[in-house]
Structures are given as C-alpha cells and as structure tokens.
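Each structure below appears as structure tokens.
Both complexes shown next keep chain A, but they swap its partner, so chain B is in the first and chain C is in the second.
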Partner chain A sequence: MPNLEHPAYPAATLLQLESLVPCRESQVSLLLSIFGERQHFSFPSIFIYGHTSSGKTYVMQTLLSTLQLPHVFVNCMECFTSRLLLEEILTQLQSCSPETEQTSQVPCDTFNDFVRLFKQAVATQELRDQTLYIVLDRAEQLREMEANILPAFLRLQELTDRNVTVVLLSEIVWELFRPNTGCFEPFTLYFPDYSIGHLQKILSQNHPPEYSADFYSAYINILLGVFYMVCRDLKELQHLAALNFSKYCEPVARGEANERDSRKLWKNIEPHLKKAMQTVYLREISSSQWEHLQHDDGEPGQLKGLSAHTHVELPYYSKFLLIAAYLASYNPVRTDKRFFLKIYWTENILFLLLAILYSIVDNRVAPTANIFSQITSLVTLQLLSTVGHNDQLDGPRYKCTVSLDFIRAVAR
Partner chain B sequence: MSKRKVKESGGANGECISQVQKVLRERFCHHYATGKLFGIEHQYRHLLDLLKRTTVHGESNSALIIGSRGSGKTALLNHVLKELKEMKQVRENLLEVRLNGLLQTNDKVALKEITRQLNLENVVGDKVFGSFAENLAFLLEALRKGNRTSSCPVLFILDEFDLFVHHKNQTLLYNLFDISQSAQTPVTVIGLTCRQDILELLEKRVKSRFSHRQIYLMNSFDFKQYIRIFKEQLALPAEFPDESFAQKWNNNVQHLSEDKTVQDVLQNLFHYTKDLRSLHLLLMLAVSNVTVHHPLITASDLHEASKQYRVDSRANIVHEFQKFVQRKAHCMYNFEKPVVMKAFEHLIQLELVRPIERPNIRAQREYLLMKLLLDNTQIMDALQAYPNCPVDVKQWAASSLSWL
Partner chain C sequence: MKIEAIHFGEGENDSEDRELRFDTCQSLWNQIKLETEQIQEDLNKQLLDNLVSFLRRSHSDFQEKKTEWTCRMKSREIPTAALVLGVNVTDHDLTFRNLSEALRNNITPYIALLEAKDCPGVKNLMQKLMGQLMNCSTDVVSLEDEDSVQVSQNRIRCSMNSLIDWYKSVTKKTDSETLSKKRTSSSRHQQSPPVVVIFKDMESFTTKVLQDFIVISSQHIRELPLVLIFGIATSPMIIHSLLPHSVSSLLCIELFQSLSCKEHLSTVIDKLLLTSRFPFKLGEKVLQVLINIFLYHDFSVWNFIKGFQLCIVEHFYSQPLSVLCCQRADAKKRVNSLSHDQCENIRRLPSFRRYVERQEAEKQIALLTADNFLKETTQKLLEDLHVYHENYVSVLRCLHVFTCSLPKYPLGKQIRELHCACLENQVWETEDYESFLQLARMLNKSDLETMLQQCVEILVSSSGNEFDKAIGKLKEFLTQFHKLEAEAFQEQDVSVSSQKELQKKTDLYHLQKTLLELKDSRRSKKLTKFEMLRFEVVDYIDSLVRNYLVPADHKTLHEIVYFNTASVLRGHLNAAPRIALHTALNNPYSYLKNEALKSDGGSISNKAPDICIVYKLHLECGRLINLVDWLEAFSTVVTAVEGPNADAASSDQVDDIIHARFIRAVSELELLGFIKPSKQKTDHVARLTWGGC
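Showing the complex of A and B:
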C-alpha cells in the first residue's frame, strides 16, 4: 500500500487522510498528484465514475475537507434545475471566503450571469491564489438541464479565465454524456468496486465496543458469504450488517454459546440471513418491521410485504374480473374457444371478458351496473387499461396490465 | 532513483520542481488557447491579412474559422490578435466584443452582453428600442461620438458559432452580417465553429450577407511533426529561472523523443486522434508525477499515462456485473426472481441496457424489449478481466457469443 506523500501538504494531514479512506489509497494518490500544489493549475474538468457506493462522493468530500482546499459541493439531484444549481454554487462560494459573515441568496438565471458573478466572487484574496474545486454529484442530471449547462461547466476554467476545476461524479460512463457536437473532454477516472477483501476490512471497522473485533469480523465474513453474490453495495451491506447483528449475538447473549463457537453461531444465523435476502434486501418490508420480527422470534408465516400482490385487497367479483381480463388479454384466441363454453363466445372484448367471467364464477352472474362499475374502478387502479379510441361503437376494449405473479397471488 | 543520482542531478530541489510544475501545468491546462501553433502558417497569414484590412484600412468583413474540436481555432485567433496589437494604432483603436454560444443563449442576452463589453451601459440607460437592428445601430452610433471623424473598428468574435444559428430567426447573425456589409462602421465578424456543415444551417438571408470566407483548420501534420510538437510542448522555455536544470530537462525530453517506447505511445495516440488536447492530457498526467525524488519524466511515466487515458470505460462497469446476466437454467445458486429483477434494474440505472420504447402502463414490465448497449468484444474483455468469475458464466458467454 503506497503511503500518501506530497510536498505541498504536511505529512500529518496526509496520514490522517490515509486513515479516513481505506482501500482507496491509489485513487487518492492519483488525485493528489493531479491536483498538485494549491496554487497550480489542474485539469479544467475531471469526470469520476464508478458503481454506487464505490466511494466517489465520500473520497472527494474527505480529500477536499481534510486538506482544506477551497471547494463547493452540490448534488445535482437536489438542485435539479439550472437556476437552483447555479444559485447554490454562488451561495456556497460566499462561505468559502472568510470575509462574509452571512450568506445571502444570489439570484442567477443564466450561465452568462453565473460567469460574471463567479468572477466577482473569486476575486477575494483567499480564492485568488488557490484552485477552487466545484464538485457536482449525480452529474447525470446535468443532461436533463438546458443543453449549454454541461459543456459550459466543462470549460469553466476557460470561460472565466480563473483557476477553477470542475469535478463530475456519476455512475454512468462518459460516452453517454458526450453531446452530439462534442465538447471539451474531461479527464476520466474510474473507481473500481471494492473487492470482497476490501469490504471485509471496511465493514469490520464498525464493530460495536461490547464485542471483540475478531467476533465481529467472523460475523462480517458470514454475512459477505451469503450476500456478496448478489450485493456489493457498501451502503446496503452496512445496513444489513447493522440489522442482523443482534440476532447473531443472541446465542452468546443467552449464554448458549461463547464467542468462538463458530458452528453454533453459523447454524443460528444462516436461515435468518436467507430470509433477509428475500425481504429486507428487496425492501419488501421496512427495517423496523424486520427488527420486530426478530424480537418476536417465531416463524413469521405470512410476511406482510410491501409489494403489490400481498397488499391489494379486491372485492369478490373484482378478483374474478381481473383474472378474466388477464386470460382474455394474454391467452391465445384458439385456446379461449377451447377452454370456455361456446355459448358465451363473442368477438367483442368486453363481452369476451364477461364470457370468461361467467365461466369461471360458480354462481350465475348478471351483467349489472355493479360489474361494470367494478371494471371502471379496476381501470382507475391501473390494473386494467383501455385500448383503442373512446368513440368506438362496440364499446371500450380493455387490457390487463399486471403480471402472472400478481394474478396467481390474487387467485389464492 | 538512488540517493546518489539525486545529489548528482543538482538543482532538483523543491522550489525548482514547483516552478516546472507551474510552467507546464499552465501550458497544458490553462493557456492552451495561447500555445504555439503548428502547421497552419497559410491560415495564419490569411486571417492576419483580413484583420489588418479592418483595423488599418477600415474595411468591413466577415469570416468563419472551421475546424474540429481541439484543432486550434481559438489559439489561431489569439495569436493573430497578439501580433496585430503590437501596432500602436491597433492597440489604441480596436474594440473587441467576444461572444460565446454557450453563454449567450438568446439574442436578448447577447445584446446586453455586447452593450456591456462596449462599455455603453450608461449611454443606453433605460432606452427601449423597437427592434434588434435599432438597438445595434444605436450602439454603433454611440461609438462614433467623440472627437473622431471615423469610428473605431469593432471586431465581433463569436465562439461556438453554430449555437447562435439556433436562436429565433437568427436575428443576431442577420444584423451582424448586415452591418458588416454596409460601410458605416468598420466591423468584422469572425465566427469559430466545429461544424463542417455550418453554411447549411444559415438562413438564406443570413447566408447572402455572409462573405463566404472560410478558414479551415485540419490538423494536417504527420507523425514526424507530431513528435516535434511533443518535444516543443514538453520543453522548458529559455526564461526558466534555473538554467542548469532546464538544460537537463530539455536534454531528457530529447532522449524521450528518440525512445522506442515513447514513440509507440505517441504512435497509438496519433492514430486515435491528432488533436493536441489529448496530447496535453497525456503530458499533464506524466508531469503530475514529477517530484523531487523523480525530477525527470521517464518513458514508463508516459506509458502509464497512456494506459490511464485509453481505458474502455464500459468494460470497467460491465465486468463487475457479469453475474447478473445468468439465466435460471444455468445458475448453481438459486436466486429468487425478485432478487434478479433488482439486479436487472440496477443494470438499467447504469444505462447498460435501455428499453427500445418508453415503458408505459400498457405493457408488462418484465416483458419490455430491451437493447444492450455493449458489443460482444466488450463483454468478452470484461469477463477475462473479472476476478473470480464462475466457470459456468464464462462458458456460457463463450458459447453464446462465439457464433455472433
């Protein structure tokens, strides 16, 4: 592991920085060498990409604040219009220079105004000698704003003739950003995913003080063994680790096993983690519901999940209508005739729907207004949708919009 | 480098290295638009002649400088202007208005910017004008006032010229070209654009007022000249404070230009793109590694820099995701369908697959037709690079992709 070293920054600060960014030393080292000394120029724009939770935002924030480099940090999902974005940058710039006591809202409509106001804002002594960094997180949102915003940011150093570097952070690759007529190409840097070793190291750092580091490491090892195949997202894994640790500790807390009894601990936790994969990982149930379940400590039985099929309660006939609609929409025409009695067969879809309905419901059903109003409410629920024009004389045609799983669940 | 060598190289102390970094970083990152020009003497003379006629002889004119991104348009213009301004007459009289298509996104903003750059905000005050033409005429008339019998020549520079073409009715362009045709004030309009088809984008009435003078910049140097450019770009200037170090540095640059590895690196870059911006990026990466312990750039520095530069970004992202494209029939690990769906949605979020048509409520989500935005070689490369890839995934990829 290379030690971070740079002539411009004191060794103590760099050591602190190194401790804050485990497993990212090579990226930080590259960034440090590109940034250079405080007053030197750097690339006009840098594009950093990598998967979610690969440390892009965290590393940039930590690097800039630990070394106390003047910077502005904006999330483009929060400031999703150009006006919000430009005003936010100008407001944060005010707090970069120590002379202003209060930050006030600076109105800024266009990029033209922004360049003018920006030049005024960086004219202070503090900012004149150092490189100013503007970091735009979730930069893919820039593509949704006016067409000049992204190319202008890439060239900000040239347009303002000042020492400024714009850093874009995103999950999407650069090729999908590039405008049609081209633009000033930024320097691109990739943040690779953490490997399983890295994840083990980072997650093990959070061990609660009551238990030993080795005990927690073993727990993390088991967790990664189950979840690493499907999930490498550090945030999600931290969330899962926090949620399930109390269950893992149960045998030790109850006195049934001691910290080193790995087999017993494994047998206790493994089915629990498998269940977690199907529920909490998919966010079918909330974390508080999950913790509740652990306290109840029984077979959960029918978990009340968040996904549609377990939640929708439909009236009796509506359920059949929906199933009939599904069959009408997706069954091939030939089999329709075979499965359903010929008496009720008709070309009109609405009546086809009713025909199927009559066949699958046991008792006699009359085409009352009630049935039709239930069809309308199914459309409002967006479980059915209308196809075709409103003025068709034969009556409206419907189509079922839900999946087979949903239908199966309803049919239970 | 061993300690002994560091002592021998003498003046490689912190101050000196800092100076080197300062000079080269400014050259590569900030002053690229004023850097040296290569291979465009003909265009230089043409533009110089044109501008001389405006500034010295009072002729109005218009021209377009057309060249792909990074071919040196702004640099050319700045060089010509610098030479012109060496003449006292030009320095004192010429008025410059610089507009940029990225900043002035409509004609109203452009007009305000022109007013501001000509320092006529007080003169205009709160006046309201009926049309764009009136406003512009007023501005030019205002310039004429003062004790001059003839007015100062005005130079309008329109960067990203192709963006002005999209303004409503192309009013600004029409008016600017119009006044460059009438003999009132010596006005020259120079547009810079990267679009080769710019003339087709102009409206008929605008096109007819344009002089059709076009200057093309086409990066027409060959590889030998490219190496010479490399040497000149990396060399320290004669004014560098530490002369002995500058001498050593320049000798090292000469060595590098003759080194086979470096020539290979440059050859690869030259085949990929000729524009100097990419060369600057490469050199900047190499320079950023220069420290007191490593005061001279080596061939391996350049090699490393080129690897950093040429990475295929999508292969990076893809190789982390090979697992999730498993079909249920092949997978040894039984994942529930929702888990696989979650992974698939992540692929969509990363924009590696994209739906062919917008998803609507009419179609079921799982059955939406998708398009994969990668090709086979990228997937195979990613699989090779992927550590701990399960054997069955590799075999499946090899069998499915081999016949395509």
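Showing the complex of A and C:
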C-alpha cells in the first residue's frame, strides 16, 4: 500500500487524507504529483472518468478541502445554461478570496466576459500565488452548451494567463467529448470500479457505535453476497445496509444469538435481503414503507409494489380505439390491404384507425366529436403518440405505444 | 351559470312565469352544486388525509433524529407521492385544487403546480417553479416588504441555489415572526415547512426534464425539504418507464390511489338522483345518454354533472310548467297562482289528457273548463307524484338488495342499471325480471334473512309513511324463519332415521327397493316449510315491485318534473360534426327551413345553395374527380333553374358567372376538407371522404 508522500504538505495532513480516501490512494498520489506544490503551475486541464459512485466527486472534494487548496466546485447538471455556470463559478470565486467584499451578482453572458471577470477576481495576492482549481462535476453536460464552452475551459490557463487548473469529472470517456474541430487534450485519469474487497472495506468503515466492527463487517459480507451481483453502487449499498441492519441485529437484541453466531444470523437475514432485492431495491416499495414493515414484522406481500398496479381502466370506446391503434400500428401492410383495401391508399392512419374501430366494435359507432377527442386523450395519457408534427391538422398520424401484454389486458 | 332570465321563453308573454322559472332553476342548481361539492369533499377526504399525514411524516423523521446512525448512513431520498387518479383527466383539476387547498391549510404554504406543457426544459420548469413559490411567499410576508420582494424577484436567477437562498430567507423570516408572536397564529405549519411540487400530468413530462430535475434537487434535499407529488392517470408503472433506476433510487415513492371514477359516479347518482330531496328528475333516455357518455367516452364525473346541469337548464327553459318543479309547499302555492295560459298548458300535457280520459264525463268537463277545479286536481296529482317518488326510491333500493347478490346479476349489478330498467318500462314484464324471480326462489335461508333484514332497515329509514304494513309483513317473515330453525331439528331427525333404516337393510333386493322409494319421494317431494315461506317472500317482494315501481311516464303530470328530451341532450353533448355537415349539405332544408328546398330524396334541387349542389354531385364521383365534368354537371343543374326557355340560349360555352360560382363552391368544399388538389392527374381533385357521412 503506497503511503502518500509529498514534500509540499505536512505528513499529518497527508495521513489524514489517506484515511479518508480508502482504496483510492494510487489515484490521489498521482493527482498530488500532477498538482505539484501550491505555487507551481499544474496541468491546464485534467479529465477524470469512472462509473457511477467510483469516488470521483468525493475524492476531489476531500483532496481539495483537506489540503486547503483554493478551489471552485460546480455541478454542471445544476447549471443548465452556460450563463448560470459561468456566474456560479464567479460567485464561488468571490467567496474564495476573503479580501473582496461581497458584491452582488455580475452578469456574465459570454466566455469573453468570463475571462475578463475571472482575471479581476483572482487579482488578489493570495490567489495569485497558488494554483486555483475549478472542478466541473458531471462535465458531460458541457457538451450540450455552446460549442466554445468546453474547448475554452480546457485551455483556461492559457486564456487567462493565471495559475488555474480545470478538473472535469464525468462518467463517460473522453473520446465522446472531443469536439470535431479539435481542442486541447486534457490529462485523462481513470477511476476504476471498486472491487468487492474495496466495497467490503469501505462499507465496514462506518459501523454503528453500538456494535463492534467485526459484527458489522460480517453483516456487510452477507449483504454483498446477496447484492453484489445486481448492484455495485456504493451509495445504494450503504443505503441498503442501513435499512436492513436492524433486522440483522434482531436475534442479538432478543438474546437468541450472540454476535458470533454467524450461521444463525445468516439464516435470519438472508431471505430478508432477498426480499429486499425484489422490492425496495427496485423501488417497488419505498424505503420508509420497508422500514415500517420491518418494524411491524409484517409480510411484504401485504404491500403491493408499484408494478402490481398495472391495470388501467378505460372507457368502452377508448379500449376499442386503443386496440384499433395497436392493430393499425403493427398489422402488416399486406393484411391491411386485404381487409381495409378501400381506404388504404389514403395513407391516412386516422382513417385506417377509424376503419378498424368500426369493424371491431359490434354495434354501430357514430363518429361523434367524443370519439375524436378520445384519441387526443389517449395521446395525453401517452398510450398513443403522434407521429410527425403536432400541428398537422390534415391527416394526423398516430402510433400505439403500449405493449402487447397491455393490449391483451385491455381486450379481456 | 350565466343565463339571463330574459332568455327563458323569449318572445312569449310573461304568463308562463319565466322569471320565476329562472329563479327556481338557479336555486335548484345552487343546491345541487353544493351537494356535489360536498360529495366530492367526502370522497376525497380519505385520500387527502393520507396524503397530508404522509407529507407531515416525510421530513420530520430526519429533523427528529439527525444524529442517529441509520439516518446518517441512509441516503436521503426525496419523499414522493405517486397519486393515481384514473384516466378521467377532466376531473383531475378539481382534485388538485382540493389537494393544494388542504395542503395549504395543514402543511405548507409553499406549493407549486406544474404542467407538462409549461415545462419543455429544465429551465422552464425552474422558472415556473420559482415563479409560483415566490408568489405564494408574498402572501406570507407582510405588506411593507412586498416591494423589496417584487424587485428581487425580477432579478433572481433561476437556479437551485437561488431557490435555496430564498427558502432560507423565508423560513428565517417566519421563524422570527413566530417567535415574536410567541407562536400564536402561524404555528399550524411546521418549523420548516416542506416545499411541495406537484406534477399534474406525469405521463406528459419528458424523461429528460424529470430526470434532471430530480437529480438536481436530490443534491440539495438537506437544505431544501422538497416533496414531489406525481399525478398519474394510467398506472404507477409509468414511473419506472420514465425514470431509470439510477434516478428512481433517489426517490422514496409511496402510492396513493383515488376512488375509482365508477364508484364516484355511483355515489353521485345515489345522492342526486335516487333521492326525493330534489324535485327535478331525469327521464330514462336522458339518464342513459349521460351514463353512456360516461362509460363509453370519458369516465368524467365532472362532465356528468355538467350534463346534469344542462338537463336542468334545458328543462326549465323549454317546459313552461317547470315552474311547478319545486319543493312541495311552494308547488302548492304556485299552482294556485297559475295563469289561464298555464292551465291550458297543463291540459295539453299528454299524461294529463290520458288522465282526463279515464275520468267520468262530468269530471272531464270540469277539468277541461274550470281552472279552479283543475288547480285543485293538479295539487292532488302533484302530491301523488311526490309520494310516488318517495316510495319508488325505497322499494328500488329493496329490490336492489336482492338483485345485486344474485348470480349473473339479472337486472344489473349497479342500482343505476336497475333504476334505468324500472324507468324504461314495467319492469315486471321483462325477461330479466322473470329470471330474477326464479333465482330469488332458490336463495338459501341465511342470505334471504340478511336481505330481508336490510330491506326492513331501508324501509324504516325511508321518508315515506306507507310502509308500516310492509315493514310489519317483512318482520313477520323474519320471525317465521326463526321458527323454522327450531323445526328444522325435528326434520333432521326424520331423515336420520330413514338413513338408519337404510343401513339396516342388508340384502340387495330390499336395498334397491328403498333406494327407489327414496328417489321417488325426493322427486315428488312436498315443499318444505322453508320453501313455502320462500315463495311467499318472493311473491311479496314481487307485489311491492308491481305496486311501487311503476315507470314514471305512466304517472300523470310526470312532464313537470321529468326531463326526457334525450335528442336535445345528445345533440349538445355528443355532437357528431360530420353527420351534421352531411345533413346540412345534403339536405339544406333541415337547417334553412326554406319551403323551396324541400326535396324528395335523391334529386338535386336547383334552388339549393351552390355548395350543396357541388357536394351532391361529388358524392356520385369516384376517388378522382374531373373538374371539367363536374363543372358541366353543375352548370346543367343550375341552368335548369331558368327553365326551358333558357335552353335555347345555352351554348357549349359555360357562363362566366356560373364558372365563378362553381369555383367558389369547390374551394369552399376544399376548405371543409372534402377534397384536395391532386398531383396524379391534371384538372382533377381527390375526394377525401367516403360513405354516407
């Protein structure tokens, strides 16, 4: 295990940092060596990618705050326009330097403005001496903004002529970012998924104060045994661990088993966890309902999950309209031609739909306004969808969006 | 309802009490409106209560035990209520209005209602959300700092951070307020009330908007206690199909289901129609139209009530005698002050004419000539009608007790079906009723007893006072059933003894013989006492039905309180635009009422408007219509107007004016969507419609 070493920082801080980022020591040490000393110019832009909850955001945040490096941390998801993003960075910058008094929002519409305002903001002595880090979380959102935003951020150091490093965090690879026109290539760093051993280690770290670390670690072992196949998301696993722990402790609390009776404990918790996998993990029932059930010792069977309520009650003609739409959408053209030859050439799916409707309903249907408005209601319910333009009054086309199972249930 | 009294019977003189009718109509509708609102409130109460308690729980858990281990370890999910409301989208607005009112009163002032059509992107969603939230906060802050709020609102950026800042400032303000007021008035809300965001039509939101919003807000759930409510019309499955697991795992979804709209309708019918509280009644056909629109088309209770309102307005508008459609005491007074014209109106009523014909000659003359005698009789007849209603409803309910538990529901499962059947014609003459009687004669004892018990309860609670005898009779049946129980023991003994005998016989011949005897006796078995009694009960119920469930249109003066012109209603509520268009073009007389246009069948009248002629001609064509031929035919029809003398002047050259008229008519037809220009052949247009309508 490589101990973190860096001449620029005190050993105690590094030790503390190491304890905070388990299983990510090698990445952190690489980052530290790229960063160099506080006043050194670092690499202009760094691109970090890895799967969901592989610790990108957490590691960056801990690293920057533990070492007390000046930084700005922005989630691009939240800033859905470039203007919001740039203004957010500037606002955070203002709070970074204690000397400037709190000024009000500065409007910043373009990147040009941003560069100018950025220079003003980092004018203070303190910020000029150190590297400033701008971390852009969920950087994939940048691709949806104006085309100049991403390349400009990548070479912000050059544009502003200041000691600044931009760190991009993303779940997708750099290749999907690279614009057609080319740009400055950032330093890319991959955060691999946590292995099962890593997960075990990280999850066991936070054991509840009432129980020993070994006891909790055994529990995590069982939990991972059940859930590792379907879920490697650290956050989700931690959530599940917290939800089900009280059930695991039950035999101990009742005095039926002691903390080392691992077989008994396993027998108690294993079916429970399997049930959890089918219900609460899929969010079929909510975690608070799950806790309630656990508390009352009830059977989860009493509580129907979301998917259990598939039945949709529809008005009589809506049912037929939906079936007609399904037939119109999926019937092969050949049979359509055979059965509905007369109207087929019109290419108008509305007519086809109504023709099928008339032939599948037993009694005569008057083409009333209600029938037509029902088609529109089905569209609002997303059971049908319009094809082509919404405002095309002449010959609207619809497509049936529901599955065969649904149609079967309706037809019954 | 904005109808001026002047329209009630416009152009006629005031002898038909149009102002009084208008007032009666208004007050009746107001009563019914109140009643429907009450029903709505009662039905939604359970749902709203559940939701309110869910919201109250949602964030308080975290505030109470912040330090506990599990709470620290659990990821903080956004509490979400999935509210399944059914496909009747038109009714949802009302539910949401009630919901937000209930929330505002009990939980939080911060509520935002979002609709999909306003939120094509996250940006618009945030704008809408902040706009609504910040407006509602101005209600809370006092008047003097309203200006500052207004100013800041214009400049505020639509981001989550500014929303959080706003929330902090608002809660701080209310906190200090409550402290200064020593928690007097505004303490009905919690310390930090949640912010409720309602997505009215979940299905129509785009996946991206929802996902982004949920992801963003889940990052700030600790600073901004958000609660989401998803309004779902179809099924909660939609959540999983709209949101991937990574997003839905940020939510803590609980399901809430509103009452099904069919049950809702049943309650409305029960409270509005099957009651003697309101004098106004719906005829069978009208009721059927309303119910059909509900079941076949929209499932909307709100539309049903609107249809009911239309019936009321139409009835009071078109029926001069509807002035008598009011409470009993008023009706008596109003009869006395009827004008002569109104008396004549009464005499013209078909049901009254039938009544007169049944009377003796002297009485007939008196009824037809003396207004005063007529008024007296009318009072009596109205009284009869009222009594009939009271009894009708009670007996109908009794009958429903029996029919709704029989296999295959011979007269319908719902009481509304039974009601329609009884209104339609004499129910005891239908086949279904026959099968009902047969099935009823096969009921077992315990069922029969509980049903009788229910009937007794219904009759006792009914307002009519004719039922003393019936109640007595039913109670007598019940006691007889009890007696039977005691006797049943003895019978059992008998059967047991014969069984014993059977066991004794050992040789085959005797066994066969006794078995045959037993079989015989079973076939020609005398009716047991229970069966006799059962027959009696069923017969008695039958007699009640024949007595009290006479169809309303057999009653004299039923026209006054029953609205029965279904065709008007159908025309208003279930419009058929294509049929109407076809009728107008094919038979212009039906709208223009010009005698010259009265045509007999297929021939094309030359006096008809040009467009009608062109339309009729185009009906005879195929898919593609040759414009030249069409023009020729048109010109032939039109010039025939001028008669044979114009014939001489006719040449192969078509008159310019006729040509212009033709072009105008054809373009009108194109505008109406019957034809469109075709590129397949020059000088041809394509026909777009088929069939008669």
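Observations
The rule is simple: the second predicted complex is superposed on the first by the 307 of 412 C-alpha atoms of A that agree within 3 Å, B and C clash if a C-alpha of one lies under 4 Å from a C-alpha of the other, contacts with A are read in each partner's own complex, and residues count from 1 in each chain.
As a working rule, a contact is a pair of C-beta atoms (placed from the backbone, for glycine too) under 8 Å apart; a residue touches a chain by one contact, two chains touch by 3 or more.
Note that the structure is predicted; figures quoted are calculated from it, not measured.
By the touch criterion stated above, A:Ser377 is placed in contact with chain C alone, chain B being left untouched. When the two complexes are overlaid on their common chain A, residue A:Pro7 makes contact with chain B while staying clear of chain C.
Within the superposed three-chain model, A:Asp193 lies in touch with chain B and out of touch with chain C [touch as defined at top]. When the two structures are aligned on the shared chain, A:Trp174 is found in touch with chain B, with no touch to chain C. Legend: residue contacts after superposition of the two complexes on their common chain; A:His51 is shown touching chain B, with no touch to chain C.
Shared-chain residue A:Glu185: touches chain B; no touch with chain C.
Look at A:Asp214: by the touch rule set out above, it reaches neither chain B nor chain C. With both structures placed on the common chain, the touch criterion links A:Leu282 to chain B and to chain C. Looking at chain A, you'll find residues 52, 282, 307, 382 touch chain B in one structure and chain C in the other. Against chain C, in their complex, chain A makes its touches with residues 52, 75, 77-81, 84, 87-88, 105, 206, 208-210, 233, 235-236, 238-239, 241-243, 245-246, 282-283, 286-289, 304, 306-307, 309-318, 342-343, 345-346, 366-371, 374, 377, 380-383, 394. Taken together, the chain C residues at the contact with chain A in this complex read 57, 61, 69-70, 73-75, 77, 79-80, 82, 84, 86-87, 89, 121-123, 126, 155, 157-161, 201, 203-204, 212, 215-216, 219, 233-240, 245-246, 248-249, 251-255, 257, 260-262, 293-299, 574-579, 623, 673, 676, 688, 690, 693. Within the complex formed with chain B, the residues of chain A that make contact are 7, 30, 33-34, 36-37, 39-44, 49-52, 110-112, 115, 146, 148, 151-152, 155, 157-159, 163, 171-176, 181-185, 187-188, 190, 192-193, 195, 229-230, 232, 277-278, 281-282, 284, 307, 382, 385, 387, 399, 401-403, 405.
Every residue of chain B that touches chain A in the complex is listed here, in rising order: 14, 17-18, 21-22, 25-26, 29-30, 33, 68-69, 100-105, 109, 113, 162-163, 194-195, 277-278, 281, 284-285, 288-289, 291-292, 308, 311, 313-314, 316-317, 320, 323, 333, 335-339, 342-343, 346, 349-351, 361-366, 387.
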